[in-house]
Amino acid sequence: MPNENYIEFRVHAGLEQVRLVGISVRAIAEQFLTVARAQLIELCTVEIATNCVKHAYDGISDGELTVRVVPEGDFFVVEVRDSGKAIPTGTFGDNRSPFDFDPKNTDSLPEGGMGLALVSAMAEQSDYFRDDDENVMRMQFSRTRAVEVTDYF
Amino acid sequence: MPNENYIEFRVHAGLEQVRLVGISVRAIAEQFLTVARAQLIELCTVEIATNCVKHAYDGISDGELTVRVVPEGDFFVVEVRDSGKAIPTGTFGDNRSPFDFDPKNTDSLPEGGMGLALVSAMAEQSDYFRDDDENVMRMQFSRTRAVEVTDYF
Amino acid sequence: MKLEDNKCGNALVIKLVGDRLDAAAAPGFKETVTRRIDDGEDTILLDLSLVDFIDSSGLGALVSVLKRMSPAGKLVVCGLRDAAFNMFRLTRMDKVFPIFPSQAEALTALEA
Amino acid sequence: MKLEDNKCGNALVIKLVGDRLDAAAAPGFKETVTRRIDDGEDTILLDLSLVDFIDSSGLGALVSVLKRMSPAGKLVVCGLRDAAFNMFRLTRMDKVFPIFPSQAEALTALEA
């Protein structure tokens, strides 16, 4: 029996829609997790959904975006799907952190390429895979672990 | 060109899902309308979605519910769809108000049958129709009209 | 939804511990309060200060328990937050249920 | 996103009027602030007190404008709300940007 306790959002792949889905996902996450954790979940959802709009569908404006939230069990799961271009192999799971900069050296600071690194760091588990012709990013956030922002990086 | 500025929720038709969709719809509505108006929109959405669970799908637990929010133009539109039983003819648009009671006469007070009346009163426009094998309730809330709670009934 | 009982003099104070009195919560609420009434409680104060959403099912449950009271009994509510108060006004139930800002004010009125 | 400019002594105070510095807002923000820098402003205070969401695109725009400053220039931020402050800490940008609680405190420090 499939898990029935999910909320699925379908929207046109645009930045305004990403904002509204982010706000909704946070409101739902706040029902299950602390406000600070819910903010991180909104952030990760927005990062991945923004990538769909900017990279997967670049230019082509008639794409659709699906975000599925499963607030059940030990994990709060967020799955983002698009039917655009696949992420180039090796992009996700790349080990170099953009946050490994020297704060005194302005040239070393990242202006982009931070989204996937944030998700890898903040989700307890994150996986990217293809499902038929869709790209799926699946993020799992622990509901029991109490995480401090200072735990990251 | 279809309006692309929508958020569509798909969920299993259950009361827990109705709650989460209600909370999400309110969070989105708050981006466009006052907090008080957003609360009314949550209420109407929950009333109609609850009817889907309780009446349209009564007993049959494997139904799906679709809520589409279109926050564009002069109206904030919420459309609730299910593929269960149709509302019996004459139920919606019934003119007798359950709120037409005598406050001093306890027997005259309504214990049910208030949901559709609330929606008729609070939405600037509400329409029920069948679309293929689906039931659709379409509610439109004015974004410009500033409504006081005391304006109703 | 959890309910917390507390006897204050003659009055039974029932506090709703949960933020929604909706279709999911209404049956349990109705059953518990009905049992208290049937057990003989005739002065009941419902503290709704944690509730920020009431729908028509929740309101129907409130009306049900009101109807269950004996004619000489008293059922009042207190602590309504904005959304809950709006729901009472919207449906004219503010003319049916005596409404007090706080438990203290409700209890004073019930004792008078 | 709207930006409000305000000159205070040598410093240009730029207040972000909007609650999100995200991928939709970042390009406009970056363009406007870059123009001010190119026009010669070299002491800039960004007031983020209305912002309750910053994503990596917003942060990228902040880094961009920082890189645009002349080596002798100063760019500081103030008024960070919880979510924004967390984003700075998460990404170690709190070690890069001088952060002040309020405009007044930032301005005092900039004048010193």
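The first chain written gets the first letter, and so on, giving A, B, C and D; residue counts start at 1 in each chain.
Basically, a residue touches a chain if its C-beta (ideal position, glycine included) is under 8 Å from a C-beta of that chain, and two chains touch if they have at least 3 such contacts.
The shown structure was predicted, so the numbers you read here are calculated from the model rather than taken from an experiment.
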- line: Outermost chain relative to subunit B, judged by CA means, is D
Query: So what's the Cα centroid distance for subunit B and subunit D, whole Å?
result: 43
- request: Find the geometric centre of each of subunit B and subunit C from their Cα atoms only, then give the gap between the two centres in Å, rounded to an integer.
  value: 25
- line: So subunit B residues touching two or more other chains come to 16
Task: Scan subunit C for residues touching two or more other chains and write them down.
output: none
Message: Quick check of your reading of the touch definition: is the inter-chain graph here a line, ring, star, complete or other?
response: line
- prompt: Which chain pairs here would you call touching?
  reply: A-B, A-D, B-C
- request: Over in the complex, which subunit D residues touch subunit A? Could you list them?
  value: 20, 22-24, 53, 55-57, 59-60, 63-64, 66-67, 82-83, 86-87, 89-92, 95-96
Query: Along subunit B, where are the residues that touch subunit C in the complex?
result: 15-16, 18-19, 22, 36, 39-40, 42-43, 46-47, 50, 53-54, 99, 101, 103, 106-107, 109-112, 114-115, 118, 121-122, 149-150, 152-153
Statement: The residues of subunit A that touch subunit B in their complex are 4-12, 14, 16-17, 20-21, 23-24, 26-28, 31, 71
